[in-house]
Each structure stands twice: as structure tokens, then as C-alpha cells.
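The structures come next, written out as C-alpha cells.
In the two assemblies presented below, chain A is common to both, partnered first by chain B and then by chain C.
Let's turn to the complex of A and B:
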């Protein structure tokens, strides 16, 4: 019983994220009846899935006290290269997918090496890499973008088995794997230890540098995967399609209750964060707001979440 | 008391005149920091490379154009540099610049409203800085997350003001940057004025507190530095400079772009880092940053002169930032070792 209570208390920010999600959904239904009908919920889940996919990488990185600003252009490169190289053929996509995921992993590895071994601050390293990837992509494509997305990617992103979106199964798969890795493996424990106090973790025998490189690789792979699915959703690719996902990924993690300083939070929370953002994005047109408002909402959500969590930390410190 | 943390500008007694001059020009280090000097060498190397490729580069008109191209980046770098001195970073300069150019392209007119709207842009910058500074200083939030959020907010507002690239500014406004005063281009004057303002500013009490906060936050607090006030000042200066940069950008492009700022965040940090300011705070200054901004501008020109695709500039900016961080860190530890040996 007390173990359950301890779990609830420890995961209070995550519970809060789910409460927020329910409240937002209810507001949607009140403002526009039919907001929560199954077809629309499916759409919300699909648009939330892209945020969740970039969010899983951002969660891993933020848990170690870092941040990955290179997500938008890794995503964009993956989407453009998929459409460019596959010429819309699903057969080609079969062997392109592992190559693109490897590419994401490579960018992540460079990020991780820069942060862990060369001691470059994460913001600077990943901002620099983002620009390098952007420049590399522009040079390769000469400023153009690809043609149609392969049918397999379209299927993955938009098809539904009855009322159940295919991409939701990807999301659930990622959720299960990420949760098991974070909460039930030695790697997960090392990751939290690194985020809570990297010096103490080092003394405890954790190879902090390896952990750091690994989380950026996870983020690169996740962003690359998100690019593949997003190309399927859009049906093609264009330059700048990754831009909204920088703010979205950070906002999803922040709503999900993870500490921006690292060491606490999980992907269950980020999942609620991604869904909440999708619901918010769905509410804006109903309230008569332009898409530009979404950017403002992302910013306010990030500020609100970090302010709240810092207030809590402050209160706890005062209480002690 | 703050002198104790080594933030007093100027060299020690009994040093050679040249070194004392370097120490006065560069950031205050008793041994004379070589990083800003290295930045100027790099900028001049780029300038002469460009001059070799494009004859006539060293004419007064061409120098004026280079200065005009550098202006908005230099202004961003002045503010960004001051924030980085506090061991922070200001990503929101991108949002403020975007919003500024959007306002300039939609609201400036020949009928005298340009001045009012210009002041409003600067005021928006200062307010953005006040919000950032309060959240970082008073609530103790991480600078990057706060400014990431306000970047997003100001980008969103910019898209409201001007949904797509376009609009225009009055000819009288955009032409100013190409004029010259007593034979020196206006843009060069602005750069000179910014450097002079910096040389004055770094000797003020506020600047010393900013240096102190950046080199040893806890020490500065104990020494009686008001954390919230100091950080708010730093971020407000950065916001003001971003507003200024928006005006220069609008002059240069004679139009507005609601996403202009996104591409200038990395260069603003890169200019500061190439200029020899430490990302960990407490060391550096604007004299080097100007060289960093010039280097980045000339890099684009050199790439153009080589007939390379302009996309190389994007690629090279990112690479240069990371290389500069590594070299800067290397030089810093080298210098620290030398100082220790002499001590």
C-alpha cells in the first residue's frame, strides 16, 4: 500500500499530465460537440504520434540533463531522402529505412561524442549539428525536395485497422520498449543516475560518457523514424517540415513532468504531453485561432511547465 | 571586492606596452587574452582572401557593403555576448528579430511613423529580455529552456504580424545604411559606435557584476551582487540589441521575413564564440565578437566568390561554431597552464 502511495507521489507530475489531457479533451468536447468522436480522436492520435516519436528521443536526452536541438533537420533529412531515393516505391523503402535510421544514429553519435568526450555544451553542439545537417541536405538536394512518399509510409502514417490507427501500434510499441528500458534495465538506471548527478554516477562506476552518447543516438534514430512516418502522412516532403518539432518535442517532455535538469521523468509522461499538444493544436482552429498561435502555445506551455516544476522544487527545498 | 574574482579590466603594472594595449582592447586578463586577437587575424585573413578573389573589395564602397552586411549579426552578437558572459545563452533573439522585421515591413511608412514603430521594436526587445532575465534570475530557470520558449512565442507573434515573407520598408529608411558621413560609410560608423559603447560599458559597475556572475555565480552572490537585477540587465541588453539588429536587417533586405531570426541564432552564438568569449561565462568581450561577425559575413562572401552554392555557408557556419568552441577551449586551457607556470 505504501509502495503504491510512494509510486503515486513520485509520479505526480506524470499523473498531472494525464489530468491535463483529460481536461483539454473535455474542453474540446464542450466547445465543439463531436470533438471526441472516434474519427477525430484518431486524427488527434495520428498528429500526436509524430510529436511522441521525436519526444522519445528528447525524453532520453533530457533525462541525462542534455537537450537535442538537431531533431528538426534530422527528421527533415530523413523525410526528404526517403522520398528522393525511393521514387515512391515501397520496395526501395524496405532497404532505405535501415539506412536512414543508421544515418540518424550517426548524427546522434556525433552529437553524443561532442557532448560527452569533447565537453561541448549540448545546446551548442546540437545547434551546430542541426545547421551542419541542414547545410549538408541543402547541398545534396540543391535546395529541392523529394517526390512522392512510398505507399508503405503512407499506410503506416494514415491507415486505420477499423477504428485503430496503424501508427498507434508503433507508438504503443515505442512506449513499451522505452518504459522497459528506462525502468527495468541497468541502462535505464545508469541513465537516471547520470541525469541526477553525473559526478556521483561516475564514482559509482557508471560510464557516463557511454550513456550520453547512447541517448543522443536514440534521439537521432527516433527523429529519423519520425521523418519517415511524417513523409508518409504528408504524402511527400518539403524543406522546413521538421521545424515545428523542435518546440513540440521539448514541450511534450516538459508537460510530461520530466525535469529539464535531468534525472526525473519518463516516456509515459511524454506520451500524455504529446497527446495534450495534439489536442491543443486541434482546439486552436475551433477557437478561431491561426496556426501561428500554436507556436505561442508551445512557448507558453514550456514556460508554464518549467516554472511549475521549479516552484515545486523550491517549495520542497524550503520544506526541508 | 569584485576585483577579487579577476574581473578588473586592463593589464597589471610593469607589462610591455603592446601587451597592455592588447589587454585593454581584449577582455581583461592579466596575461592578455590571445583569442580576440586570433579572431581578428582570422577575419583579416578572410578579408584578404576575398580581396584576392574579388578585386576592388578594399575600396571604400565595398568595405561599406561588408560593414552593412555585418551590422545585424554584430548587433545580435553584442547582446548575445553579454548574455554568454553570464554563462547563459539567449535563443530568443531569433524570435525578437523575426518580429522586428515583420513589424518594420508592415508598419513603417514615410509619414513619420517609422520612428515610433522603431522605438516600439526596441521596446519589444527590452521587454522580451526583461521576461527572460526575470525567469532566469529570479526563478533560477535554465537560460536555454526559457529563451527557447520565448523564441517560440515571439516567432508565433511574428507570423501573426506578417504571415509570409514580404512587405517593404520606405526607401528613406533602407537607404540610410548605404550613406556615408565624412567619407566613412554609415554602417562602419555604427560598428565603431558599438565598439566604443562596449569599451565604455565593460568598465561600468553593471558590466563587472555581469562578469562576476559569469565567472563565479555563488561568489558573486556572496559578494553582494544582486542576481535578478544583473541577469535582467544582461538579457534586456540582449533584447534591445536584437531589436536593433531587426532594424538593420530590415534596412538591408528592404522587406520583412517572419522567420528571418531562426537562421541567425546560430551565427549570433558563433560570432561570440569565434570572437573568443567563453561559453562558460566570465571571459570575453565585444571586440572579438565584431571580428567573429565579420568572419562569418566574409565567409559567405568568399563562398560566393568561389562560385560555390550558397548552401555551403549554412554548412560552414555550423562547422565553424563547433570548431571555434573546441579551439577556444584549447586556447583557454593552454593559457591557464601558462599563467599557472608564471605565477
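Let's turn to the complex of A and C:
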């Protein structure tokens, strides 16, 4: 009982994210009847899934007190290289996928080493990496992009089993694995400890550097996977297709109730955050607003979240 | 106001009358009266959470009282902020030192009051001259005005913070826990200054946990308990026991528990020629099973480095033998594997042993997660079973494993710090200033825990910045000076005076007394290179 109560109290911001999601959905249905019909909900889930896929990596990184700004160009590289190398063949995609995921892991590892061992601030390290990856991709492709996405990727991103989008099963799988890892494994526990106070964690024998490198690897792999699926959704690839996912990933984590400064939050919350952003993106045209308005929302959400987190930290300091 | 104070109220220049302040419905201060006369040192005593700091913040204008008012020279006093308070004549040296680390000492002292040149720019020469005059007046040596605050020790920063407040030449000086970051000889320097300032006609409010300091320096003492004033008495009318029971609201059974057991003959940790950086220059030590070995020394004589080296945080050379096996300790993980645990309260008092927003269970199991790894997962029931004996034996809080550690009392938080290492199987515990800034009741609780664990065969290295604790808690005391152990006192051998003599570098009591009696510039000796 006490354990349950403690869990509820600790996850209050996560519950709030779901309340927000329901409210946004209800607003949509009121403003435009049919907003919540099954076909449209499917569309919202599919567009939310890309945010959730990049959001899982961002969640892990932010929980340790970092941030990954290299997500958009890792995603973009993965999408472009998939279409470029596969020539639309699903057979080639079978062996390209692990290579692309490994590439994402490699970028993540470099990010992690820079942050953990060279002590480069995460914003600078990952921004630098993002620029390097972007430049490398431009050099390699000469500014052009590949041909069509393989059918397997298209299937993964857009097909539905009855009313059930295939990609939702990927999302649920990621949700289950991420939640188990964060809440029930020694690694998850060490990750939270690192995010709350890395010195305390070190003193307790936690290898903080290993934890840091690991979360950036998770983020690199997740971004790469998102790139593969997004190529399938678009049907091809283009330069700049990852850009919207930079702030979307951070905003999803923030709406999901995680402390933007690290140490608290989880992927269940980020899931609600990703869905909320998708619903919001769907609402804006109905309300007669340009898609660019979404960017204003991202900016406000992130700044609001940072303000809230720092206010909380400040209050805790004062209370002590 | 109680006792004889009423008749003399008129000569109190700063008076708080009927001050109440509540946070979220909880009374931090309830109808508190407090007054300071010119020329007196008035001590404010009380446990953590008694309301001392809240009262100080009300006086300095950081907090507005819910009811009641503060009067300064018979005028209502409600400064906008601490800066305004200081300019108006009430200077407060806060616990958290409001210094800018990347500015120099002189820039900090005259922050917002910089002397200007004719062109309107800051006059560096003016700053330097004014700082030097101020330091001369205070007898403060060893701190250069153009040093960066970042490069100063916590003790030196404390002195700079005091100098900063005195630069405004206030009529009232409030010292909030100003001694808690200081070593013994620095404390006596500060007490002398407080006395001197009072003799110059200033009113001093002196806040401290340490009864001995309060009794040494005060003219009157006000005791706060749970946000109310228990009373105000002239020093002569008080006794130690009386003050402690006034603070606690009950009689403290015993601060130092009776000795339960003597150490065994087996050596549990043996250190030979331990060197680390420039501060630790070859330490030899033997720690026996069931022994509490006190480590004492002035600030910066290598005590901290000794603890950090033994725990694998500072790089070191030398031989460390634990339980008869030579161990190479290069990280906290290595130390934990070797059976060593560390509870470290650093100078800035931020607890480095707990994660406040996590539960007791999660905090306790953190260093032992590897053992709870069951095919990659932690089973909740197994974890609960694992931590429950320690929660029970150390009587942590309500004995609820799901309680959030941040909500526990200071004493219970320290039990969590120690408890998590009992769970790793550590038999050697390094306690670095575990009682810093902790009230008397909590101290008694911590000492009882240490005594009981020692009787069970655990060995302790015990450092404290409070000399009285070092005389009373350990079985044996090793004195460090200049990176070495210069003298060891067996149980019952060392008095405080002898310890002090050894701490300032005397290897035997005679030469120790000589150098202790000398008037070497205190701060330079402690903070900067030792001047011959």
C-alpha cells in the first residue's frame, strides 16, 4: 500500500501528462467532430510514434542530466543511407538495418565518451557531433538523397493490422523494454542515481562514466531506428527531415513529467508527451494555425519545463 | 522577554517583537521576542529546525514576518533585502556564503560599493587600499585582496564573508553558524574577533550548535525550540545541562554513550607510506577490529586526502592492507570490494551520501545492486528483504523502506549513509565529519550507533572538526600535521589542550605548547603555505 502510494506520488507529473493528453483529445473532438474517430487516431499514433522513438533515447539521456542534440542528423543519416544503399530493396534493408543501428550506436558512443570522459558539456558535445554528422552526410551524398524507401520500411511505418498500426506494436515493445530497464534493473537504478547526484552515485560505487556512455548509445540507436521508419513513412528521404525531431524529443520528455535537469521521469510519461505533441500538431490546422505555430509551442514547453525544474530545485535548496 | 531583560529593554538597539512566520501552515517562528544590546554578544541556541535561521532571515529582510515586527534603534526595520539591511546597519553573515567565486576577495568585499576613479570606473587601487585597511583592523592575515575567492578554502571564504559585512561598519553583526566550517584554532580566532567587535560597541548575534563556543563568547543566551523562544538568560545564570535541556525540551541522557567494548587485537586496516598529491605525504596507521580511531588536525593537513585516498577517490601510492590482504584501491568500487565504506560530509555540508528524492530502500541498496541482480532484474521482494535488517537494526525513521530519504531527520539520513555500507559487507567505515552542522540530539544518536557498531566488530576512522568529539568518541586519536601522522594518543591519554598542541605541529607536548602559545598568523598557517 505504502509502496503504491509512494509510486503514485513520485509519478504525479506523469499522471498529469496523461490528463493533458485526454484534455487535448477532448478539445479536438469538440472543435472538430470526428477528431477521435479510429482512422484519425491511427494517424495521430503514427505521427506520435516517431517522436516516441527519438523520445526514448532522449528520456534516457535527460534522466542522467544530459541532452542529445545530435538526434536529428543521426536520424537523417540513417534515413538517407537506407534509401541510398537499399535502392528500395527490402532484402538489402535486412542487412542494412543492423549496420545503420550500429552507426547510430557509434555516434552515441562518441557523444558519451566526450561527455563522460572529456567532460564536454552535453549541449556542446552533441551539437558538435550533429554538425559533424550533417557535414559528413552532405559530403557523401553531395546534397542529393536516395531513391525510394524499401517496402518493408513502408510497411512498418504505415501498414495497419485492421485498425491497429504496425508501428504501434513497435512503440509498445519499446515502452515495455524501456520501462523494465528503467524501473527494475540495476542499470536503471544507477541511471537515476547518476542523474540525481553523480557524486553520490560515484561514492556508492556506481561507474557513472559507463552509465553516461550507455545512455548516449541508446539515444543514437533509437534515433537511427526512427530514421529507418520515418523513411518508410515518407516513402523516400530528404535532407533536413530530422530537424523537427530535435525539439519534439525534448518537449515530449518535458511534457512527460521528467525533470529536464535529470534524475526523475520515465518513458511512460514521454509516451504521453509524444502523443500530446501529435494531437497538438493535428489540432493546429483545425484551429486555423500554421504548422509553424507548433514550433512556438515546442519552445514554450521546453522553456516552461526548464523554469519549472529549476524552480523545484531552487525550492529544495531553500528548504534545506 | 524573560528574566532580567525587561528592565533593560531600552538599551537594546535591535528588537524583534512577537515575530511569527509559517511555511505551508507549519510555524517556523511563533511569537518570538529577541533583542540585542550594543556591546554584547548575544547567542542564539537551538536544534536544527528550531527557527534560528528563519529569525535571522526575518531580521535581514529575506523573509517578511506573518505578524510581529523588527525595530532598529526604535524605528520599524523592514529592509528590502540583505544588502539594504547591511547598509542600514544590520549586517548578516549567512550560512550560505554569498560570494562570487570568480571575483577577487576585494571585489567581493566591496561588491556594489566599489570606490570609483574620477572617470567613474572601479578604482582597483582604492579597492586594494580599503581591503588592506579592513584586514588590518580585523587582524586578518594570509588572505590577499587580489586572490580569487574560488582559490580560497572554505574557512578563508568564511573570513572574507565576515569582512564583507564589516566593510559596511554595521551596528549589529549577525554570525549565522559562522564557525561550522572552521577548524578549532580558526574558531578561537573568530570568537576573539566577535568579542573585540562587541567591546567596540557593536551588538553581535552569535548562532552556533556548539555549546562550548557559545559559553566562551556570549554575554546573554536565547534558546529557541520549535519556533518559540524558551527564554533569554545572562551567561552566568546558565549551566550546560540547563541549556541542553532547554534546547531539547527534555534532558539529554548522554551525549557520548558509555563505552561498550574495547578494540580487539586483530589489525583490520594497515596503511603504510600512503602518499597522495601534495597534501598527504606518507601516512602509517593501524586500525584494529572494533576500534574507533579518531583523526584530527587543522584544516588542510591531509585528513581529507587520507579519507579520499583510502576510498579510491584521490590517487595514491603506498600499501593499504585490509583484513590481511593488500588491496589496490583506485575507485570507490575497489574500496567497496575491499570492505570499506565512506560517509563524507564535505565543508559545504551538502550530504554526499544520500539521494534525497529516492526511498530508503533505493538509497540503501545502491552500492549493492550487483548482488541483487537476478537475470538482469531486481526483484522487489528480494530487495526489501535485503535492506530490512539494516532499517531495523539502525532504527531508521519510521522503519518504512518506502519513506523518501529527503523527508528524514538529519540523524536518520546519516544512518542511511552508514547503513548502505553495512549492506555491502564493509567492516571498515570512514566517517568524515559526520556530525558537522548537526544538533546535539542527533549527535547523541549518531554516537550511539557508532559505539554499537564498534562493539559488533566494525572499525571506524573518525574525523571531526569538533575537538570535544575527538576527545570523547574514539578509542585512540591520531594527529595529522603537514600530511603525516605526527602523534597518537591512546585512550584516555589526550586532553583537548594536548591535542591542540600536537595539531599545530608540536611532536611532543612541550614543543607543542610552545608553538601553540606563539602568535603565528592563524589564517596564513592554515590556508596558504606555512610561513616560517
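Following the convention adopted for this analysis, the second predicted complex is superposed on the first by the 305 of 320 C-alpha atoms of A that agree within 3 Å, B and C clash if a C-alpha of one lies under 4 Å from a C-alpha of the other, contacts with A are read in each partner's own complex, and residues count from 1 in each chain.
One rule holds in what follows: a contact is a pair of C-beta atoms (placed from the backbone, for glycine too) under 8 Å apart; a residue touches a chain by one contact, two chains touch by 3 or more.
All values derive from a computational prediction rather than experimental measurement.
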First, second, both or neither for A:81, with chain B first and chain C second: neither
First (chain B), second (chain C), both or neither touched by A:310: first
First, second, both or neither for A:186, with chain B first and chain C second: second
Which of chain B and chain C A:129 touches, first, second, both or neither: first
Touched partner set for A:139, first chain B, second chain C, both or neither: first
Which of chain B and chain C A:205 touches, first, second, both or neither: second
Contacts of A:196 with chain B and chain C, given as first, second, both or neither: second
Chain B or chain C, by number of chain A residues touched: B
Contacts of A:149 with chain B and chain C, given as first, second, both or neither: neither
Set of chain A residues, in rising order, touched by both chain B and chain C: none
In the complex with chain B, residue positions of chain A that touch it: 67, 114, 118-121, 123-125, 127-132, 134-136, 138-139, 142-143, 243, 247, 250, 254, 260-261, 290-300, 302-303, 306-307, 310-311
Complex contact set, residues of chain B against chain A: 89, 91, 135, 139-142, 144-146, 148-157, 159-160, 163, 262, 265-266, 269, 273, 279, 309, 311-319, 321-322, 325-326, 329
Chain A contact footprint on chain C (complex, rising order): 311, 313, 331-333, 335-336, 342, 344, 352-359, 362, 365-367, 369-370, 372-373, 376-378, 380, 400, 402, 404, 406, 420, 424
Residue numbers on chain A that touch chain C, as the complex places them: 2-3, 5-6, 10, 180, 184-186, 189-190, 192-193, 196-197, 199-207, 263-264, 316
